[in-house]
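You will see chain A twice below: alongside chain B first, and alongside chain C after that.
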Partner chain A sequence: MSRLFGMIFVLGGLVVALVGLGWAFYLLAGFLAVTFANAGLPAQYGAVIGNLLTLLLVVVMVPGSLLSVAERKWSALIQNRIGANRIRIAGSSLGGIPFLVADAVKMLTKERFQPDQATRFLFNLAPILAFAPVFALFAIVPVGPAVPLSAINGAEGALGRVAIALQVASPDAGLLYLFAIASLAVYGTSLAGWASNNKLALLGGVRAASQMISYEVSLGLALVGTMIAYRTLRLEEMVVAQGQGVLGAIPALGILLQPVGFLIFFASAFAETKRAPFDLPEGESEIVGYFLEYSGMQFGLLFLSEFVEIVILSGVIVAVFFGGWHPILFEETLRAQLSPLAFAAIGAGAFLGKMVVLMWVQMLIRWVLPRFRYDQIQKLCWKILLPAALLNIFITAAAVLVDPSLRLLAGIGLVELVAMGAITAAVSRAPKAAHGHADAHGTDHGTAHAAAGH
Partner chain B sequence: MKTTAGKLSAWFVATLLVVVFLGYMTTQVIQPAYVPGVASTGPAGLTDVLFYVLAAVTIAGAAGVALSRNILYSAVGLLMALLGAGSLYVFLSADFVAVTQLLIYIGGVLVLILFAVMLTNRITEVNVSNTSFGSFGGALLGISVAPVLIAVVTLTPWPARAPAALAPTTALIGNGFLTKWLLPFEVASLVLLATLVGAVVIARKEIKAD
Partner chain C sequence: MPYTVDNRPANFREQMYFPEILQGLKIAARHFFKNLFFSRDANPDFLERDRSLNWVATLQYPEERVTYPPGYRGLHRLVPREDGKPRCVACYMCATACPAQCIYIEAGEYADDPVEKYPVKFVIDEMRCIVCGFCVEACPKDAIRMDSGEHAPPSYDRAAQIWDEQRLLRGPPISYQNDPWLRRGSPSISPEKLEEMRARARPFPTVATDEASQTPGFSVRALAQEAKERGEGR
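Up next is the complex of A and B:
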């Protein structure tokens, strides 16, 4: 019982902390906007700089680096181990968080080693090319709704009407920007593999390139359905559209309108992050991977970009499929009772909370599922996900054409959700018949990964 | 065509054709009467500096593609050139085109080129991977084309005007493709489909031959 109370206490503390974080982000963006306006510059510049600092450095980098600790602790949880706990501060291992500092010190002080006859320029360029585009992706993710500046710090007149949103940039092309920048990430991995002058690294690079360009296709097509349903490419407009009720009071969430699109997008984006079950480019047990020859912080960058990809993917999925900053529960009451700033802070907190849950789901998938064989990866992409995505686009377009109020689409989505649940239940009830088969497939992978560690 | 004389005459004919074509194009371009430019030359702002930096990146990348001995460096040069060109579109308030350039040329075409290059036989031997040939004919072509290009650059009245403000264009472009310009759009997709089918046919044949 005390354990239950403890969990409730921790979860409540987390929610309050996330809402407070959102509140602080708004205050900083508002403060910088007013400062810039007083200095004679456009107020939006200040808000953008504040958002750059808070969203890209805090929301992306902090969870990105914390995930390296979380991976150890959560994998230990899944495998019934204790996990990293040997660094103790005042007798407490603090949940393994000091390992973050230890990792950083290790990577930064390690010798930067260059293999003989490596292509020096490309060898040094590759980690940058792998990290930078991933980082730039988060710029279009809307973490919080737009709030007039007067509600944040009481600015008056025209300045008070300037809307401050927790979003760095909002290009008109929206999701196309996302796809375009995401497609740049492949350069880092494939060039790293080539420039290392190592056959195993080259294999890893080639595998990464083939896998990523294949899954880019289904990645893009999976979101076309949501574009049709919400009639926009901008993420913040999609989030606003998800707030309206569609079946009675049930909001038009992306997961309700596009369950198939969500599955395809999640699988393809997971493949783009190159983590198990799609970790062929890394392939610890066979080829070590495209970063074989890297050491020190260059390896750190390649490694960190993987974790940052997890954070970004969670953010994008929350914005497109899980209602973004809409708290969903008690939304109307909250909006009516609280000040706009408090409501926006709760929205930002809801967004961050959903992101945390999705990061946990990704970690879970990575440590629970066995990995695919190489041909299975290509088969999954070209023979299952791609036709499913095309069919999904067709059905969505037809449903929207027949009934522009999205009710028909929501009904279809509901049927699809039920069908998915039924199929999952039917498949998961069969392990007795297929026991030998399952055994042959994948037991040892999890433990092999754990033993190899990072 | 095996002899030197045959090669030379072929180069001369090619050069002549190019010069005639470019000359004709020049007359077409310059026909609007030459008016001394009334370019508003204000002080060089941050935008101008950015423009020149991006233009320099584009040109340096293009030069790298042509001059590099290492084919991977050429690919990276092409990446720089395409990125620079894409960012120059932003200066023309064409953000949709810029993003599309990034998506298709850099994320698609160039990645495939890189992929093919990495699978090339003897790729590790840099010297054979990107040799240059026909330098005499190339120089001849360059020298004969240069005056025409210089004439175009100097004689064309380049109107200097501020680009339109960055307005949302995505919906307009989409509607245009599916209403007024539907036929060209569909024809283009048909051409791409034919290319795809052709690629598959060629690839299948090679497998059967093995």
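Up next is the complex of A and C:
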């Protein structure tokens, strides 16, 4: 029981910490904006630098590296194990977090081995090329709403009207920027495979390239529906649009308007992250992959880019499909009762919280689904996701054309969601009778229990 | 546990694939939350664990150990007499029976009791031992046993795996009524001690029992810990 309360306490602490983090981000951005303004530079530059530091380094890198620990611990919990816990500080394994330090020390101090005939320049460039574009993707994700500087630190006059948002850049191209940068990551993987001068690595690189290029198509098309529905490419405008009610008080969340688009995007983006069930390019244990010849921190970068991709993917999905920084619950009350800064901090906290949940879901998927076969991967992309995405675009466009207030689209989405839920909840076949042994697990995975050999 | 696979062809709903994925996620999530929110029953006897709330089956090995079942052939010991001398009479039966030839014995005589032999040296190379238990079977005096319930502790050098009579002679002492040194007395045992030993002597077992193969409460590790605390640890 003490563990139950401890965990609830930790989770509550996490929520509070996320809101506090949002608050701190605003304060830093506001402080830098004022400093820059005092130094005679545009205040926006200060905010951008603050956001670069906070969003890219804290919001992306910290969870990105923590996920390597989370992968061990969470997979352990899913598989009824305990997971890495042998590094102890004062008798406590601290949820495995010290392993992060151990990993970093290991990666950094390991020998950096290069194959004899490797193309040296490209070999060294590849991890950077794999890592940097992923990283840059987060620049357009709006973590928090725009707040006037006067509400943050009481700056006056024209300076006070400068809007500070937790978003590094908001190019007009918006989602197009996302597609453009995301497709750069394929260079890193295929170059890593090619420059290693190793046939197996090359094959891995080719697998990675073909998979990523295939899924890029459905990735792009999946978001066209949301672009049509929200009539914008910019992520922050999409987030604002998701706050408006449609169908009464239900907000026009992307998941409501575009459930099919969400599924297609999620599946394609998952394939882009090259994680199980789409981990054909690497397949560390069975089919060696494109980073076969890498060691030390270069391997670390390739490895880390996978986790960073998870973070970015969660961020983008939260912004496009789950209402971004809208807390959804009690939103009007919060907005009315709290100061703009406090509301914005809660919004940023909500965004980060949704991101954490989505990262968890991605980890969960990775430990549930086995790897696809190669033909299945291509079949899924070209025969299922792509036609579905095209169909989704036509239906969305037709619905928006008929009813520009999005009500029809939301209705269709609601029907789709309910149908999906109903089909999922329906039990298709009776579970087989228990095998006559006491089973603490309940019927539906008595088989798993038996397979575990008890 | 026989495990039958249900190989019915997938129905339409299962061919949609996606609902089944969600069902799978549901199961995984249930495992996750159960194991996250509830604490593990750390009972080393993991089949007896209460797994209603937390399903973790892990045994944290060095801290939690399963006790080996009775009859487990553990580390050897030379059974002592009540006066601390080994029961062994250096008859070489065990060394002869040993298929790995890992027992080395040098026989000697008690200076004050020329009738009785004892092992001046009794060395078992635990690294060569194949843990067959033949030595225990061969011994006519129940002087060597594998009842410690422990496997040979790992070590960094081979020398530590060579157990001599000082390390082997440990554990609870035993006396049998037909022990020759009790029947006719021995100058190497003081009269009072002899009386005590005779009083405690048991009939010699004619059938193998669990008790003979594992002495309850006896553990080489506990003895080693005691030795360490006494300051004679190696």
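Couple of notes before you dig in:
What we mean here is this: the second predicted complex is superposed on the first by the 415 of 454 C-alpha atoms of A that agree within 3 Å, B and C clash if a C-alpha of one lies under 4 Å from a C-alpha of the other, contacts with A are read in each partner's own complex, and residues count from 1 in each chain.
Methods note: contacts are C-beta pairs under 8 Å (C-beta built on N, C-alpha and C of every residue); 3 or more make two chains touch, one makes a residue touch a chain.
Owing to the predicted nature of the structure, the values given are computational and were not obtained by experimental measurement.
In the superposition on chain A, contact of A:390 is made with neither chain B nor chain C. In the superposition on chain A, A:183 makes contact with chain B only, not with chain C.
When both complexes are overlaid on chain A, the residue A:423 reaches chain C alone and has no touch with chain B. In the superposition on chain A, A:3 contacts chain C only, with no contact to chain B. When the two complexes are overlaid, the chain among chain B and chain C that reaches more residues of chain A is C. Within the superposed three-chain model, A:205 lies in touch with chain B and out of touch with chain C [touch as defined at top]. In the superposed pair of complexes, A:194 makes contact with chain B only, with no contact to chain C. In the superposition on chain A, contact of A:415 is made with neither chain B nor chain C. In the superposed model, A:368 lies in contact with chain C only, and not with chain B. Overlap of the chain B and chain C interfaces on chain A: none, as no residue is touched by both. Per the touch definition, chain A reaches chain C in the complex via residues 1-4, 7-8, 74, 77-82, 263, 361, 364-365, 367-369, 420, 423-424, 426, 428-429, 432, 435, 437, 440-441, 444-445, 447-448, 450-454. On chain A, the positions that touch chain B within their shared complex are 119, 121-122, 125, 171-174, 176-177, 179-184, 186-187, 190-191, 193-195, 197, 202, 205-206, 209-210, 213, 216, 233. Interface residues of chain C, counted against chain A in their complex, comprise 1-4, 6, 8, 11, 13-14, 16, 18-19, 21-25, 27-29, 31-32, 35-40, 47, 51-52, 55-58, 60. Contact residues on chain B toward chain A in their complex (touch as defined above): 70, 72-73, 76, 79, 95-96, 99-100, 102-103, 106-108, 111-112, 114-115, 118-119, 124, 166, 168-170.
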